[in-house]
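In the two assemblies presented below, chain A is common to both, partnered first by chain B and then by chain C.
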Partner chain A sequence: MRLKTIIFFIILNLNIASAENFTLDLNKVLKNLRCLVCQGQSVADSNSEFAQTIKLVVKDQIKEGKSEKEIYNFLVEKYGEWIVYKPPLNKVNFVLWLFPYLVFVIGGVVIFLLLKKRNNH
Partner chain B sequence: MLSNIGNTLLFLNLLLGVSIIYFAFQNLKTNEITVSKKIYHICLFQSTFIIICFITLVTAFVVSDFSIINVYQNSHSLKPFFYKVSGTWGNHEGSLLLWVIILTIFSFLFLLYNKHHPKNYRIYSLIIQNILILGFLFFLLFNSNPFSKILPIPKEGLGLNPILQDPALAIHPPLLYIGFVGSSIYFSAAISSLLTNYSGKLFAQSIKNWVLISWSFQTLGILAGSIWAYYELGWGGFWFWDPVENASLLPWFAMSALLHSLIVLEKRNLLYFWVIVLCLLTFILSVTGTFLVRSGILNSVHTFANDPSRGLYILIFLSLMIFASVLLLFNKFKNTSYNLNSNSKETFILVNNWFMIFYLITVLLGTVYPIFTEVLTDNKVSVGPPFYNTVIIPIVILFLLFMSVGPQAQWIKNKFYNLNLLLKILIGSILINFSIIYLFKEYSLLSNFIVISAVFLVISSLIDLYKSFKKLKKDSPRILSHLSFGFLILFIGLNYNFSLEKDFNLKLGEKKNFENYSIEFTDIKLQDFKNYKAVIGEFKINNSKENFNQSLYPEIRIYDNPSTITYEASIRSGILKDYYITMSNIDRSDYYNIKFQKKPFMMWIWVSVIFISLGGFLRLYQNAKKNY
Partner chain C sequence: MQKKIIKSSIILFIIFIIGVFFTGLNKSSIYDTKNLVGQKITNIKLERFNNNRIITEEDLKKNDFTLINFWASWCAPCRVEHPILLKLNKEKNLKLLGVNFKDKKNNALKFLRDLGNPYDDLARDELGKYSINFGIYGIPESILINKDLVIIKKFIGPISQNDYTYIKNTVRE
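Up next is the complex of A and B:
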């Protein structure tokens, strides 16, 4: 019974969550872009001329109906990977993306083995 | 004059450090069971001299003695008194002196407060600590001397970087350094423990208060940095996963792991080598952080603090430390038996360590990865907030659940109380999450889980708190910190989801309407201040729904010394939310770029962190009371 109640509420939550509308958020895109002429600031947080230009470019591209990924690809081609704060998953960056999870799994296995060793005694 | 006094004191300290090591070795050879009085006296002198040395530098800043390069470069006679003083540690050389002071004082206090521990253990700790002191003193004297002179003597100083003239930043370095450098003492103690085979419960007892001190201060130091970023950098956020922020977080993860596993060592005499690893790791990460910040190897907001030549010295020192630690550890490692039950408290503490190491590795990898890709593939990548949020946040959900359940477990036993209760709390949390969405606004699936797990931790900690008031549990510091951590994540989650951000251009007299808000640009004026000029705008903010009316006054400041322009946010802090406005001029135009933000629960994010560290201080107080 209790389990059913939990499942009910989780499903309820999922429904609400998925009801979210998926229009592309300009600010979210800008926050993921580095202002290349600033020190450690995103395009969204900067008012430099560079940031102003990028803001206009992104705005236009959203208007044209481009997806988030297309916009990033366009900018990466132009300015290099340095401009996006989320490094794309590729040959160079796969260690960055996978290693943390590898550590997580190994940690879990180590703890599991420690406990198992004890149960065998 | 002051320069000579300072230099003399630094040299004296160098000699005292050497003599402490010499007498310590002499003392080891004798059969005395106590540490000789002579060593106490030299240590007392050492601490006193370094404090006087620091006071000398502060005095130089206060009286604006521009014959000292450091004062000339970082101060100005017109600067307010408070920032003259805080300017002392607002630069590389001064903060390094602060670093040495903390090393020295902790060394003396550790010797003083561990009288019931064996002589050899204390003496070796002292020797290792003094080797560290000497290393940093050399660096201070020959590479980054805060007392170096300049000729001819300039009439006026260059001034302190205006963005550093902020109260939060004035206290940020001292707090952070007590954490960073405080961890040196258990680095030394850990090595001494390996050398003298002084392990187990007693070792845990000798360092636990030092871990608590450094952890509590580190927490506050990170907070002060965060508050500064929020008020001063003008982008309305409080954490950007900037390499320098990460550098302060890395030792914090290691300390938090240590704080927990040390309990297991003290209560159950388990995990000794793991505790040693964490002791060594914490200080190594602190020095690594310093290396990353000072060497300028990373692109970050702290670029006012770097110089490549310094990096090399720290890097050599760091490599030696790591090499010695690893070597010693391999030599002394013994395979010990583990006696763990799967549902015991020990296991859950290991689970805490598991997550902490995951966070640590993720943040460390993200911070240094751009260096490697640039060297190896000539490809510059940025690792920023989206990376950390994607990798870490899902794991945090699991972490919060373990954090609520873990403390309910018992030592040794393989048994759980209150499984029923936990289920009820979970249902309650889901209900609360559902009502937030129903009453206010929907948010992403991930945010749903964050809110649920954070509320879960909050409720279960509150129940623990209730029990502790009824004297069923005597664990209030732990409960306080866990509860506040639950609140912290909850408020961060709500802040993230309920923030409102608008970016637009306005001309004097114009008005902008959106949602329930209208913002009117009503006035602009130029004003002269003691050390800067300011263009001050006046904006009337009106919320038709809440009947809220308020004026905010963002500034564009023009500093003369050094000549800089800063954008000063105007913030109206409230109990439920902050309003945040920045303005900046647009070239060749009457328009100003305005950034308006509504930031819910900002104050509660700060308060939560303060209470997390209060938990640490409360435990310290309890420990102190127990001993006397």
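Up next is the complex of A and C:
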């Protein structure tokens, strides 16, 4: 009896763990998708017809075993890059991606030069 | 020397910021699908309205031009474009494929009985999932494709008189 109870709880635990994993992945993907018919809402936050359909499609694709990247690629192909909040690095937006690093490096150089100057004095 | 470097860096930075704002503010933030023009539609899978047969790419390749129209009986602007679709039905080189979107079958049939059926072929997308493959985000929307399944134009909202002239001229060329 005790063994049966232990097995029951192990199976229950495994099911809960996998369900949590599925929800987590789905929400993560939906939060990075823009609702195209809403004002500043992600697909995860919206209940519009469009968002509901996208939720169904993403759910299906996760069930089919598609990766996060594959799902984004599919939707970007259909709706353009505007649908993802975090667009992939490409020749149009490379400045946007590189700019923070560039500012970091330039800032470092400027601070270094100022400190050097102060030490020399 | 160092002062000069700092000065020119600041000036360059200001120019860059102005440039970013200038381009950013001039760019329209309204979503449109004009970038999808020229793309090929793949993985077409639509359930026929009257039976369970699936409409595939092969079916659409048989037509010189196909206008895929997404509609529903509950969609008021669909009623506005309906007379234009009926006129387009008379075009020889054009086939009209209607996709009934998130609708009840009886309501859809009543809609077509009352207003006329302009479609050469009719499909059904009960949950709206298949329409995502066509980049649909609201209805009515229509996509004009050629034999190679390449998108010639996407029409967001009801088809206007100007759109009608454009479609007519394109398929008659």
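Throughout what follows, the second predicted complex is superposed on the first by the 96 of 121 C-alpha atoms of A that agree within 3 Å, B and C clash if a C-alpha of one lies under 4 Å from a C-alpha of the other, contacts with A are read in each partner's own complex, and residues count from 1 in each chain.
What we mean here is this: a contact is a pair of C-beta atoms (placed from the backbone, for glycine too) under 8 Å apart; a residue touches a chain by one contact, two chains touch by 3 or more.
Given the structure is predicted, the values throughout are model-derived calculations rather than measurements.
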{"item": "Partner chain in contact with A:31 - chain B first, chain C second, else both or neither", "value": "first"}
{"item": "Touched partner set for A:89, first chain B, second chain C, both or neither", "value": "neither"}
{"item": "Chain B versus chain C as contact partner of A:50, first or second or both or neither", "value": "second"}
{"item": "Partner chain(s) touched by A:117 [first = chain B, second = chain C, both, neither]", "value": "both"}
{"item": "Partner chain in contact with A:40 - chain B first, chain C second, else both or neither", "value": "first"}
{"item": "More chain A residues in contact - chain B or chain C", "value": "B"}
{"item": "Which of chain B and chain C A:107 touches, first, second, both or neither", "value": "first"}
{"item": "First (chain B), second (chain C), both or neither touched by A:78", "value": "second"}
{"item": "Contacts of A:60 with chain B and chain C, given as first, second, both or neither", "value": "second"}
{"item": "Set intersection of chain A contacts, chain C complex versus chain B complex", "value": "49, 52, 80, 82, 110, 117"}
{"item": "Sites on chain A touched by chain B in the complex", "value": "2, 5-6, 9-10, 12-14, 16-20, 27, 31-32, 34, 39-42, 44-47, 49, 52, 55, 80-87, 92-93, 95-97, 99-101, 103-104, 107-108, 110-111, 114-115, 117-119"}
{"item": "Complex contact set, residues of chain B against chain A", "value": "234-237, 240, 242-243, 299-301, 303, 338-342, 347, 350-351, 354, 357-358, 361-362, 365-366, 369, 373, 377, 379-387, 390-391, 395, 423, 426-427, 430-431, 433-434, 437, 442-445, 448, 452, 501, 503, 567, 584, 587, 593"}
{"item": "Partner chain A, residues of chain C touching it in the complex", "value": "2, 5-6, 9, 31, 33, 35-36, 39, 102, 127-129, 131-135, 137-138"}
{"item": "Partner chain C, residues of chain A touching it in the complex", "value": "36-37, 49-50, 52-54, 56-57, 60, 75, 77-80, 82, 106, 110, 113, 117"}
